[in-house]
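What follows is a pair of complexes built around chain A, which joins chain B in one and chain C in the other.
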Partner chain A sequence: MKTVDLNKKQTAILQTFGPQLEKSGTMYRLWVGFLLLMILFGGYGLFRQIYIGHVVTGMRDHAVWGYYIANFVYFIGVSYGTAMLAAILYYFKVPWGRPIIRIAALVAFISGVIGPVFILLCIGRFDRLHYLFIHARVQSPITWDVMVISTYLVGITVFTYLLLIKDFAILRDTDKFEFPSWRKKLYNALALRYTGTSEQDQQIGHSTKSMAFIMVPKVVLAFAVLSWIFGMTLRPGWRSSIFGPSYVIASIATGIALIIGVMWVYRKLYKLEDYLKDEHFRYMSLILIALVGAFGYFTLSEYITSWYTSMTWESKVTDKLLSFKEFGWAFHLANFFGIILPIVVIAFRRFRTPTIITALSLLVVFAMWVRRYLTVVPPLETPLLPIQDARPEYVHYSATWVEWSLVLAGAATFFIFFTLVPKLINVVPISDYEKETN
Partner chain B sequence: MKRSKSKYLQCSLGFRPRALALSLAMMLGLLSGNVLLAQEEAEENEPLRTRMSLSAVQGDEDMATCKALVRAKIDGRYTGIPGLEVVFFSITDSLEQELGRATTGMDGIASLRLPKAKLLADTSGAFPIMAIFEGNEEFGDSDDEITITPASIALEAMEEDSSRTVTATLESMGEPVAETDIYFYVKGLYRPLRVGEGTTDEEGMVSIDFPMDLPGGPEGNVEVLVRLEDDSDFGTVEANVSKAWGTPKLMAGDSPPRELWSPSPPLWLLLTFITLLLIIWGHYLEVIYKLFKLRKKAAEN
Partner chain C sequence: MSESSENGRRDFLKKGALGVTLAAWGQLVFSCAPEGGHDHAAAEGADTVKVLTPDGQLVEVDQSHLRHVHHTQDISYEESRTGLPGRKFVMVIDLARCTNARKCVTACQKMHHLPPDKEWLTVKLMKDSEDSEPYWFPKTCYHCDNPPCVKVCPVDATFKRQDGLVLVDNTRCIGCKFCMTACPYSTRVFNWGERGEPADMKTHRANAETSIPGQVGTVEKCDFCPDMARMGQLPDCVVACPNGAFYFGDQNEDIVTNGSETVRFTELIAERAGYRYGEELGTEPRVYYLPPTDRIFPAEKGLEELPEESRKLYEDLF
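The block that comes next holds the complex of A and B.
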């Protein structure tokens, strides 16, 4: 059978990734072991939650949503945002975007798989899960979301796979490494008998481009539907026409910040300075501050209109967010670290180094999670009809160890995916360098 | 003669504790304000003079309602006084009979509903009625007297083809009453809605065409009310009948159906939803089909 021919540049990249694909060190094993322990801890929490019931969580009559929904909205938003970035960079053939597309698609795929799991954790009756389909009502935004997320997951899986086919074929054909037979078989199956003919290239290129093209409107729709679940609920802090655009912008910004973090870790671990250059970090940081700036404007617009009109119920939520006795610290710090600080620091050219940009990006990643939490919980703690003499824990949400265990397990799953993926496939796409010789 | 506020309020409102009476009086708003001012005046002067207007309504089922409005001049305006006890009598030349007692409400009206059979008739068959407010420390006594001739309205509501007719027949002591204005209403939540009027003919009859487009209760029922108003001989005479002639209308508080806005989605929503899903899934299927084809073609080569 004909094999894929590699040029010098491609051979060099393959050799750079060789050790990482072939062997695993002690630190690697310890790290994976640690992550597995966290997942196991989350598994115990889940067992308690299923066995005893949702009473083991902090969710009660008023605050019916908590960490799980905040995490779901966060991860799925990151997935949408990174998918959109990958699709735009691919479709418009942005020259500097080449090594970033694969990382963005992987972040999108992994976040897209983890996000919906948190919805499942929030469901009290797993045995009624299929009701979502057999009793689906087209009028319900929940039904829209179920359909859109399922559709999106298939789309991002196909798109990511299309980006990887050629490299699977290269790894199938290489004789430089001693892969176990199961991996050889896996590469062989995933490569779809690709041998690098121009017809195959054309077909894969066309399919990937059309998937990238449809990804953008699909992701905007998916963003909108998820935000409408909140926006179409008559509740202060949620019912806002700017909720959709604000969520889109925040999620793309978070996705970019996360990609920067992943780029930095991969660059350090696998010595990828020749592929993930400083300029990649600079370009990404400029997009990041443009987006967080827009998000800052939307935030101001959302809260200043609500504060100025002073509708009683709306004001209660706004006051909670602004008061330092309630959510004020979280709200103001999240805005400072997530919006103001990145803009101020990155505005100075001399601070645009990969390490500083990454540090700021990680602050954005954390700050945006806090903002998601503040989107979900304070409005729920502000009911229109307060129950008299309700127990404080019914009104005020406070996460329990079970929720923490599952949140940490979710984060551990996210990390373990990123730890295992470079064992299966090279992070920098070898096939993209087929027209370069050095 | 010196009198305290509480004493006045005890009389006018019937409550003993001064603080409670004061609080309630404050809540009565403008009227209470006027009353309090009147009380200040009463501290310095003799009891305020009152006026009484007595009227009677002859209704269905041979019942009558006597209404006595007691007013006093406060700030230059005659205002109804609440909390005054009025005694109603039926009086003829030879007999005097107490019919009952009632206390004036916020509007200053004391109402007493009783069967017509309790009323004493004079030689002409009419009912002389008297109402008396005996007076108290703040307000002077007053009384009024009327004589009403027994009358009744018989109602007939008919529906033929596409028209609805309400016919009222006014009778007094077995004789039809002609040349009298009668008004037709439909009872509403706050006040009756006038739907027609007419003058009785020689047979005491008057008819109107009932409107076809009125909203009704949850089952479409409307209460038709026919009235002869404030007649010098008969007082007010009224009769009513309930008919399912309205358009059924859900009232607030009725159980809503178990759905958001309709049992099935609007067509535009369904079409948008299906079209979008078809476009995207069609696209996926095309790409997946091409991938299978890629593998198949390579195998053939």
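The block that comes next holds the complex of A and C.
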């Protein structure tokens, strides 16, 4: 059987990834064990929730959505954002984008898996989930979302897989490593008999390009539909025409910040300075600040209009966000660390080093989560009619350990995925360097 | 139902009157009664009441041992979804008469087997502006004609019937709570845990008209007691209000009654300047309010019976 031949450069990359593909150290095992424990703990929380009911969460009749929906919107948004980035970089063959596309697609894939789990956690009756299909009602934005998310997940899975096939074939064919036979078989299956003929190359290239092309409108639609879940209600803070665009921008920014984080860790761990270069961090950081800048502008125009016109119900929500007695600290700090600080620092060329950029990206990752939370909860706690309830948990939402355990399990799933992926495949695509002579 | 509207009206009035009588008697079941023994007994006011046991003895028992039950007619699934033919239910709430007696709240809880902290019907204290007087504001589901809650339901678990009612089929609801976020009037409540109904309720055949038995993980709300209407009786809150603040009736027949007075709906609304709450939201509620002018009692009176921690809730408004 014909095998895929490698040039010098490609062989070099393969060598770089050899050690971690072959064996795992103690620290590595401890880390994976720790993450698994976190996921198990989340599993226990989920068990309690299913067994006892949603009383174990902090959600009550006014704040009927909380951490779960915030997390859902956050992760699925990150997924859409990174998918969009990967698709655009691929489609337009952006020269510096090459080593980033794969990481972006992987972030998109795993966030796309984690996100929808959280909307399921928020549903009272797991046993009736199939009603979403057998009794589907087309007027409901949730039905639109079910359709859009399920097709999107197929799309992003296919797209990510197409990006990996060639490298699976390389790993199948290499004789440099001692893989156990199950690994060999796995690569064999995953490589789909790709042997590097020009016809196969053409097919893969063509399919990936079409997928990249399809992903862009798909993601735009998915973003729109998700923001309409909020936008189609009569709630101030949700029913605003800027909700969608603002969410899109914030999500792409978060996605980019996460990619930067993953790049930094991989670069450090696997000494990838030759592939994930400083300039990659610089380019990404510039996109990042452009996006958070736009997000800041959308935030301003959303809240300044409601503050200025001060319609009663609407300004109640705005006031809560601005007031330090309510959500003020969270809101102002998130805006400072997520919007203002990154822009100010990255504006100076000399601060654009990978480490500073990564640190700022981490701030963006957290700040955007807080902003997600602040779009979900305050409008729910601010109904038209006064709440007047003597039970404090019905007035203010506060998450319980069950919700925390599941949110942390979600984060742990993200980490464990990125810990395990380099075991299976090299994170920098080897196949992309096939045209290079040296 | 194929009667002419004239007949229908007489029928409604007749049945309405019957409803009042029955309710005054209080449809009670002696919970200690042996299996299958459904006894009707008279009870009013006092803490102890006399009831007739199945073997014909008159005994005095504590009122808390008695339980209201829904005497429902067995209707088909389709009937529960389409509603009562020819009807257009409407409610009018006279804010001038509400003193926060909260009898409507407890009657509703009793009838639907709700725990004391679960209110399908709430009474809020409203104060429209700094200088205006506060007033009590009973709030049911408004059974909106353009219901945002129905629009968003992904599985048709909440629906609008031809008789105007918006109901929840709790055997269909998946508990996504989207309707709760969509309703601008905070009407809907969720079964966060088990509702803690009497065990025998669990065998009751679930039906969108009664919402019994409650189901954990689903949404529920004020249903205008359509099972009572089907039997020609008034909703429990209407009957329970000592001040006659609730009027219930049929808009097609243009008649509403609070149990003791029966009036033309259009005239009542015209004379007393009836309005719908949150008209600007476009939800088209089926509940009308009569403004709290010439109140029979000052709003403070409504605080008297409240426990201390509830009274605190209203401190700022007086």
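Some observations on this one:
By our rule, the second predicted complex is superposed on the first by the 433 of 438 C-alpha atoms of A that agree within 3 Å, B and C clash if a C-alpha of one lies under 4 Å from a C-alpha of the other, contacts with A are read in each partner's own complex, and residues count from 1 in each chain.
We adopt the following convention: a residue touches a chain if its C-beta (ideal position, glycine included) is under 8 Å from a C-beta of that chain, and two chains touch if they have at least 3 such contacts.
All figures in this text were calculated on a predicted structure; none of them were measured in a lab.
Looking at the superposed arrangement, the partner reaching more residues of chain A, out of chain B and chain C, is C. When the two complexes are overlaid on their common chain A, residue A:A347 makes contact with neither chain B nor chain C.
When the shared chain is aligned, no partner comes close enough to touch A:L269: not chain B, not chain C.
Using the contact criterion defined above for the overlaid structures, shared-chain residue A:I304 touches neither chain B nor chain C, since it reaches no partner.
When the two structures are aligned on the shared chain, A:L420 is found in touch with neither chain B nor chain C. In the overlay built on the shared chain, the residue A:T233 is in contact with chain C alone; chain B does not reach it.
In the superposed model, A:Y194 lies in contact with chain B only, and not with chain C. Once chain A of one complex is fitted onto chain A of the other, the partner contacts of A:Q139 extend to both chain B and chain C. Contacts of A:L37 after superposition on the shared chain: neither chain B nor chain C is touched. Put simply, chain A uses residues 137, 139-140 to touch chain B in one complex and chain C in the other. Contact residues of chain C toward chain A in the complex are 117, 122, 124-126, 139, 148, 151-157, 172-178, 180-182, 184-186, 188-194, 215-219, 278, 281, 283, 309-310, 312-314.
The part of chain A that touches chain B in the complex is made up of residues 137-140, 144, 147, 151, 154-155, 158, 162, 192-195, 197, 199-200, 203-204, 206-207, 210-211, 214, 218, 221. Taken in their complex, chain A has these residues touching chain C: 52-55, 57, 59-62, 64-65, 122-125, 128-129, 131-132, 135-137, 139-143, 146, 229, 232-235, 238, 380, 383-391.
Across the interface of their complex, chain A is touched by residues 259-262, 265, 269-270, 273, 276-277, 280-281, 283-284, 286-288, 290-291, 293-295, 297-299, 301 of chain B.
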